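In what follows, subunit A forms one complex with subunit B and a second complex with subunit C.
Right after this comes the complex of A and B.
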């Protein structure tokens, strides 16, 4: 697989089809890191193994990366899903990016355009693993007070470094709600209510958009199980507002329930 | 002359209990769900063992992630201010690594040198640091490259080193340390001929700090910052886990005509850092923010405050979600 990725990257760079290939390479110690390969002769630095899990789609909306020119991106399933969602949200147009797709069975997938990305994502729907289901079910067995206290305890460690936001491909807003201060929507300091508001607000903004890549949980320096919080809130939103391609906070329907507004 | 005493294995717990009974808050590293964090403890038994470094530093005790500066009430053309709440009881921070203890000199230089920050001063004056030497290190540690060492006494009021039999060699470094030891003199017995050095981790020197300091101003406009920071995602993790990062942001939280002013940690990694009201930002791309982080610690602070703003604890590299490894980056700059 590694050789095929390198070959593909070399071709794309040599032909001038792209200016940069975003992929994985060796980092420090046993870590891997994102690489931005700009010359065909550097393509051999690209690697692919079980350590390569960072959701690289986060770089597709970074202006420092976009400034290099058209990118190709090494894309396993979570990245393919992210590209699909970002395209749906018009973060790029047809022809803006190239995709080096990799299937769950470790084969190169030909994804020449955004339509093929959409079709491939539709063929591979997002399903929670048995382990993730079990973790969510465990939360269900708690009483409301137990669950609230569990989250307060987890969120008390939050230092508001925003690694969850920065690592998430879906958090691309140039100005996040937390940074809008006239009026102040949510509390900025990393105190109890500030942390609770921040994480619930983020989860709500991810409803219907989150690709469950787990990057927020991996990025969190204090290991808050954000993936669990997000999935749980997403499930609640699906029950109360329905599941559709238009995510709950952006869609408006005159028939939307308003009985909760007092 | 540092006074050396021996603290028996079981005496640490007695010391904690004695401090607690006198109303002192005791903070120590505690393991919680795969991470080691400073928390208030009732006994030494609660302390984490066999870890290289805590996930967050003890900075939160002296420079909290958010702290109240004052309260205010607005009226018809008036603002009434109330002072911040009374100081919490004195604190002892137990189990601070020598690199972290060393970082207090950096925080002091920022908060007490040009301007005497009363809020910070009240906390640091009220806090006693009981350091603990490092018996092990990992590939992210580089204290010896920034003038520290695994058994460095600087910044600690008392430094403990675990010696044979699980006992501690206690080096009583400062007046505060003496005062703490005097609270339980029976626990600090005469030291024998313990060989401290053989109980310390071997941390190799990896770069020449003076050479890096000298080189940095010349590479300000270099490409290196772009190369190094392209994968940086612009979170604040490196700053927030750093014991020596001191930048803050002020937030007013209001409810009707009453409000609270809070000082909160800030990070040069954020896109909004130093954003002006006009919309102009002198550091508008990530490479400039990354440059600021390195220049501030290894060039501006040594030049202006006579301290190196990095103590080589390695936390930023361990915590970074995208493997921005400060040691590797500094070595690359040195090799330029």
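Right after this comes the complex of A and C.
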């Protein structure tokens, strides 16, 4: 697998098709870091193993990366979904990026254009695993007060470092609501009210867009189970609006349920 | 001690519910005076953060109301809003926020009587639930916060 990626990267760079290949490489210790390979001879530094889980799509919208020129990106399933969503949100056009797709069975996937990315993502619908469902159900069986206390406890650790935001490919707004202070939407200190508001807002702004890559949870230095909030919304969207290629909250159905509206 | 009177914020759309509430007044129908109405262009404009802010600033209950489906002045604002509320309600419930304190309704410009009924029922329900201290007590009271923490 690794050799195929290296070969593909070398081809793309030496033919001049792309200016940079975004992939995984050895970091310090046994850690993996993102690599930005710009010369064909450096392609051998790319690696691919079970440690390579970071969602690299986060770099596609960064202006520092865009300044280099057309990128190719090593993309496993969550990254392919992220690229699909970013393309849907018109963050790049056809031909702006190249994708080195990797299937779940560790095979190279040929994804020459954004249409093929969309089709590939549609073929692999976003579903929660049984373990993820079970975790949601565990919280659902608590009483409301227990859930409230559970989240206050978890969120009390939050230091508002916004690593969840920085690591998320979908959080690319040049100015986030959390930085708006006229009016101040989110209370600034790492205090309970601001923490609750921040996490509600983050989950809601990702509603229908989150691809469940789990990067926010991995990035969190205080181990808040952020993914649960996103997974709750993913499950709700699947139940209420069905699986669709569209961004669920930008669409509507006149027959959406309204049993809660008087 | 006097009976607890809930503070209720109503976020309503300009075209239906606000006009409907106006009709309640011109029809001289009386309703509970606990509600403070905030007029917005459309239910689609009612950002979920407005609701969180209302709770943080001391609301005990919230009413969100707009045009009936298919009656939206902007054609589809209420359809989009409805989708957002479905997800939002579920998320809040999952986080343990008391969603009984947020009441959604459709009130058209002709339903002055319905608006009075919605408000009265909501206020009675919120009164029974008591003050929502659980949420508003999270908010540091700004003046005190400065003196206590800023030295």
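Of note:
Criterion: the second predicted complex is superposed on the first by the 232 of 262 C-alpha atoms of A that agree within 3 Å, B and C clash if a C-alpha of one lies under 4 Å from a C-alpha of the other, contacts with A are read in each partner's own complex, and residues count from 1 in each chain.
We take it that a contact is a pair of C-beta atoms (placed from the backbone, for glycine too) under 8 Å apart; a residue touches a chain by one contact, two chains touch by 3 or more.
Every value quoted in this text rests on a predicted model; they were computed, and no experiment measured them.
Of the two partner chains, subunit C is the only one that A:146 touches; subunit B does not reach it. Look at A:108: by the touch rule set out above, it reaches neither subunit B nor subunit C.
Of the two partner chains placed around the shared chain by superposition, subunit C is the only one that A:192 touches, whereas subunit B remains out of contact. In the overlay built on the shared chain, the residue A:128 is in contact with neither subunit B nor subunit C. Look at A:53: by the touch rule set out above, it reaches neither subunit B nor subunit C. Contacts of A:221 after superposition on the shared chain: subunit B is touched, whereas subunit C is not. Of the two partner chains, subunit C is the only one that A:260 touches; subunit B does not reach it. Taken together, the two complexes place residues 187, 189, 191 of subunit A in contact with subunit B and also with subunit C. Residues 48-49, 52-53, 56, 69-70, 76, 79-80, 82-98, 103-106, 118, 121, 134, 138-140 of subunit C are the ones that touch subunit A when the two sit in their complex. Interface residues of subunit A, counted against subunit B in their complex, comprise 27-29, 31-36, 54, 58-59, 62-65, 157, 159-163, 165-167, 174, 179, 184, 187-191, 194, 215, 218-219, 221-223. The touching residues of subunit A, when paired with subunit C in their complex, are 136, 139-140, 144-152, 177, 185, 187, 189, 191-193, 196-197, 199-201, 203-204, 207-208, 228-229, 232-233, 236-237, 240-241, 248-254, 256-258, 260-262.
For subunit B in complex with subunit A, the residues that touch the partner chain are 32-35, 37, 55-56, 65-66, 139, 226, 229-231, 233-237, 239-241, 249, 251, 253, 262, 264-265, 267, 270-272, 285-287, 317, 319, 321-323, 325, 327-328.
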